[in-house]
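In what follows, structures are represented as structure tokens.
What follows is chain A paired twice: with chain B in the first complex and chain C in the second.
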Partner chain A sequence: MPKFILQLDRESLRQWLPLVTLVLLVTLVGVFQPSFLRPSTLLQLASDTAVLFVLATGVTFVIMLGGIDLSIQSMASLASVIVALTVARLGYGSFVLAIAIGVVAGLASGLAHVLLKIPSFIATLAMSGVLASSALVLSKERSITLGELDRGYQTWITGTVYGLPNVIIIGFIVLVIAHILQSQTRFGRYSAAIGAGEPAAYASGVKVDRQKVYAYILSAGFAALAGVVLAGRLASGSPTLAAEMLLPSIAAVVVGGTAITGGVGSIWRTLIGALIITVVRIGMTFLGVNIFAQNIVFGAVLIGAVAITIDRSKIPIVK
Partner chain B sequence: MAKTLDSDLAAPDVAGQPTAKVRRWRTASWAPVVVLVLLCAIISVINPNFMSFGNAQRIAQAAMIPLVLGIGATFIILMGSIDLSVEGGLTLAAVILSLLTLNGANGNDFGILAVLAVLIVGASVGFINGMIHVYFKVPSFMATLGTWFMGVGLANALLGGMAVRINDPWIRGLAIERFLGFPWGAWLALVCLAGAFGIQNYTRLGRYIYALGGGEELAVLSGISVVRVRIAAFTLAGVFYAIGGILAAAQLGLGNAQIGNGRLFTTVTAVVVGGTALSGGQGSVLQTLVGVLIVVVLSNGMVLMGVPPSVQIGAQGLMIIAAVALSIDRKLMRIVK
Partner chain C sequence: MSTPSAEPVLALVGVDKRFPGVHALKNVSIEIGRGEVVGLIGENGAGKSTLMKILSGVYQPDSGEIRIAGQPTTLANAADANGKGIGMVFQEQSLLTNLTVGENIYLGNEAQFTRYGVIDWRALYAAAARQLEKVEVNVDPRMRSDYLSFAARQMVELAKALTLEEHAAGHLVILLDEPTSVLERAEIDVLFARVRSLKSRASFIFVSHRLDEVLELSDRIYVMKDGAVVADLKTADANVTKLHQVMVGRSLQTEYYREPLQKPFREEVVLESEGLSFGHAYQDVSFNLRAGEILGIAGVIGSGREELTRTLSGFTPHDAGRLLISGREVRLTSPAEAVDFGIGYIPRERRVEGLVLFLPVAANITLADLASLTSYGLIDSRQERKLAATWVERLNVRTPSINTLCLNLSGGNQQKVVLAKWLNAKARILILDHPTRGLDVGAKEEVYELVRAVTTEGVAVILTSDTLEETIGLSHSLLVMRDGRITHRTAANPGSKPRQIDLIQHMV
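Coming up: the complex of A and B.
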């Protein structure tokens, strides 16, 4: 039975390691900095995680299928630019417009991926170029600060309800919607099936291409929402606003225990992963690590987590 | 047994491969050349200044870095893998070069030793890519996505957000001094191309890279050490990114952590537009030269026509999609992820 126990250990490792890591990290930072465990600080931590979590939630749907979306940071930046440019004229309509553009962009990369049969990392890399370029052209390569009047439209992001920041509520709503999509709908079950074994899913009549396009639409749509929230929090829109968020987002998904080979994962795992990333970031800031240099750690964490979670039986040849 | 299998498979492979491949790919490898010629013709009709010697110099100046980077990436893509760490390797190389050579921030002046050190840094970045990819069995796009950000992060940590001026006349000279009208850097890029062409066609590594891209199972059965070939290819690519970093530092006259921004994009576009297939096994560094010229001529033409530079990334994105869609051999891949 040793092989069975080995497999069990590996499985339970992936199941519980993320949660254990999170608890350990929070305790560790709490020991060094007791004020970290105060409710107000923890609320701040949750607010800071919200944008990352929304971005990571979107890309979770794609990773569950075994694909990847490298355009989320450009989409979020573009959404922030759209909000900053149109909020004065369209009011709340600007948020809808930004998310609608996200949906269209997701549809485009999804179709490029399934119809032209372009590998997802290259299709979304190309899409990220198109989106980044659009953001640069629209914003005339500047950062746009929201005016005093425009900020009135942002209270649903920046305000609080009974002391609870609205950002956390937005994050919670996203969690609920994404969780229902993933566990209670046909789309969620088909995604898991495609990720677990695409030929089998195809053979049992799942419309694989359609599910994939849905996943890319969700990914870009949530990325646009993240951009909208980010624009509200920072009171500005810029073509590079979310440029540094691609790596932490993907790292959050993978650190949570969702395998990049697809099939295994959940939104809860992504939530834990996003919290881990935020705690690590706060810990590093506390230790005085430069925010750009933090990418060294995130890069290493990403590779380590991929190496642990990946299902090698699915890829006989690793390319 | 293993030995006879090896020689049996290897002999017809080496002898039979070129004729079959050349015949099959003649049209596909000439298509980019046709595109390039058409592009040049269209732009020179719109703006006759395109055909001047001064503009040729500008194109050479703009093409030298993408060419060197594209050569490195070609070897990886020929294996059917991808390298997203172009910007990481280049930025780290440029920043370390700016810190080791005669510069405005510290007292170092190591001259040629600095260049050597940078080449070793590039090779190490590639070597690490290869090791992670092969020994942890992490797909190359994930492994190199990690090292991309690690490289840029390390460059940032080294500089702390500053930019370091390079005062070494030899390094500045690569971009400023000219030979027969073209900057030395462009000649250096051509030397790199010749070297890469030699490696690709006349060494075992080159043939093995093609073999891995053409079909890894077969390559393993014919006794090729996949581990060694993959690590060697990534290391080689890392050296080319470091050379790209030296040229970029020379062109800007400084090293900063943003020096690599956008270069991954141009590199992948150039390789793919040149006709090298992402599925591996088909392509050449010479096709990358054509791809680089297409990308550079197009952006040069856009500048001549007054299109803002920020549109170019978007145009390149669309070119990637078009080129990959046209060149992918779909019969080989039933599942596309």
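Coming up: the complex of A and C.
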């Protein structure tokens, strides 16, 4: 690597590299495929990003305080199954039910993590298994297509307002709420403090365990919301609806510049990261890359992003 | 012992080392002769640890030279230092307790017993047994090291260091870093006897806080102060008093600890401890702390004073006795609870427990009291910046801005941020756990001045300190602890402060 790149200070790299990457990628795809830059295509891009962004936003809260949530894709799939099974009977209540189940699952993961002192990746990996199997059992291993009547309840997801897809508005509302939570509340500040220096946060009187549980609740809750939105867009619920979304979600968080070790990050960065992932995905489609090969790229991107952003002076030993 | 004609086995020439905000070693030159035991003493922060880390390859000097047998060399890392004949016996014992004694002795050097990737355990344990014979300790090399006493572990570490004889070029130099801190007197005698008998095999650098032991074991003594070597004394010419004087570098100045600023404390009792006990750590501790009082607790490692401060700051609740804060009985089960009762903890591990290094100055200052900045769930960030700027100015924190990460501040300024955090949280009781550790003289004086200022406003302070001098100089009242119990109480009013020797007799 040339010397001047090494001299670039890591912090400004983490700050600006994601945005620069996004602009470059959009320009690049636009040059090869001018139709990509049409407003309608860009709106489609934003709509396609929304679910990934909601999923990634939830897990951002956990990553900020130095943990990880591996159960988000199972949670999203389960939420889609719950909606598909109950929307005929409960109407809008099915969405509330799905998100409430997310909150309970997050609470369970969080409590297992802080009370039993189980590493977060184990607690949420186990939770992921529980949720995935629940989705399989409840759906009798089938994909459940929403009936014509049920779809009436989905217009808040599938409709448009003055030509703007509702799903983009949902993504925007999530952005605003999550951004305020992360940057303007005590929870957000404590999360950053715990991620950057847990012993000091604890010694300063921060109720560390409580903040952690909040983060897991948010993560699973947002994952359930993502599942609800996905079910609406695809007009179906399935135990594998959100399969293959865990890797892109975590890649989105890290590519955006949130440190996988915690302490540094923001929801804005996750938005940029999610957009990058979507542009790469669409770009690959344009280039004719097999859709099933995409996670090869995201896996490589994740490793690359962590390698660039990780601060080795802070963590001499990585396990 | 070392005569000018004899080539020193190991020498440092004009070594300098700086860390952000601290000049840790200033033009340090030392030399160690063949078969010599050299003592190295100094207060905490004098630069001993940095010097040892340079000799063991952990740090590289900024300038100056390391010479082995007269030849300039570098010590790139611990393995390199080992290869060049420098062994270490650490203060915090470095044996892995889940491995056997033999495995520990040859940890990282198993290659000599390995054929086709498989270790010949019989050969390894036989060799380990021979190493243990060198230090004359009767331990089965196949025993797991957590079954050993501390004294036996120390001997095993020594045996481990001596394995360097087999593959290091040249004469051995073994660094003994506070090897006696956890040993009983009889065990110390054995250790010293071994060191003396090993002088034919190796030279030693002996670092210790216990001046009498340094005098007992060393041939020659280097005294460090504020990063420089200030004296090189033959043991025959030294005694405890003299060493202490050189080490402290000044006759006790009342000015240094701002004694003229020591105001009488108030009547109001803010904290009462009645027969407070915790396991084997401390028992039956009773005292009163009044508003504006600085209560110093003196004691050696193992006296229980460290555990007592951890209880008072909420980390480990007491299991017997009563603790009253402002007349209300409490049992503190977390620092969060202690903070709610107006207690602020200023830890010795400033960079771990004191500050979130990767957060800005402002966020650290407000961390313990964000609640008062929050309305309708949102932090008022304008108010926060204003508050942080006020504290930075009041405490004269030298920082480029309130948005600077605490990581980039010097030790003294970091400590001021910790203090600002608790003052901002309106703490009524401050627990100062070695508050000036690692600070240079100027920064120390600023901390003393601030502590005086807050007590004048009625804040009560419990102080444990690295040096007796600091404890005595700052405190209104003194407790001495030994083996978990209070052995002595005395007032320490300006002009009639007790002497160190008055306290030492109750400490050991």
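By definition in this document, the second predicted complex is superposed on the first by the 309 of 319 C-alpha atoms of A that agree within 3 Å, B and C clash if a C-alpha of one lies under 4 Å from a C-alpha of the other, contacts with A are read in each partner's own complex, and residues count from 1 in each chain.
As a convention for this text, a residue touches a chain if its C-beta (ideal position, glycine included) is under 8 Å from a C-beta of that chain, and two chains touch if they have at least 3 such contacts.
What you see is a predicted model; the values in this text were computed from it and never measured.
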Review point. Now for A:R186: first (chain B), second (chain C), both, or neither, which partner does it touch?
Key: second
Practice item. Answer with first, second, both or neither: which of chain B and chain C does A:N290 touch in the superposed model? Key: first
Check your understanding: Is A:R233 touching the first partner chain B, the second partner chain C, both, or neither of them?
Key -> neither
Review point. More residues of chain A are touched by which partner: chain B or chain C?
Key: B
Exercise for review: Pick one for A:R281: touches chain B only (first), chain C only (second), both, or neither.
Suggested key: neither
Check your understanding: Is A:R269 in contact with chain B, with chain C, with both, or with neither (first, second, both, neither)?
Key -> neither
**Study point:** Partner chain(s) touched by A:I118 [first = chain B, second = chain C, both, neither]
**Key:** first
Review point. Touching A:P199, do we find chain B (first), chain C (second), both, or neither?
Key: both
Practice item. Scan A:K207 for contacts with chain B and chain C and give back first, second, both or neither. Key: second
**Study point:** Residues on chain A lying within both footprints (that of chain B and that of chain C)
**Key:** 199
Practice item. Note which residues of chain A are touching chain B in the complex, please. Key: 66-68, 112-114, 116-123, 125-130, 132-134, 136-137, 141, 198-199, 247, 250, 260, 262, 290, 292-300, 302-303, 306-307, 310, 312, 315, 317-319
Study note, to complete from the structure: The residues of chain C that touch chain A in their complex are 313, 315, 334-336, 338-340, 345, 347, 349, 352-359, 363, 367-368, 370-371, 374, 377-379, 381, 421, 425
Study note, to complete from the structure: So, in the complex, the side of chain A touching chain C is made of residues 180, 184-186, 189-190, 192-193, 196-197, 199-207, 263-264, 314
Review point. So in the complex, which bits of chain B are touching chain A?
Key: 79-82, 132-134, 136-143, 145-150, 152-154, 156-157, 160-161, 216-217, 257, 265, 268, 272, 278, 280, 308, 310-318, 320-321, 324-325, 328, 330, 333-337
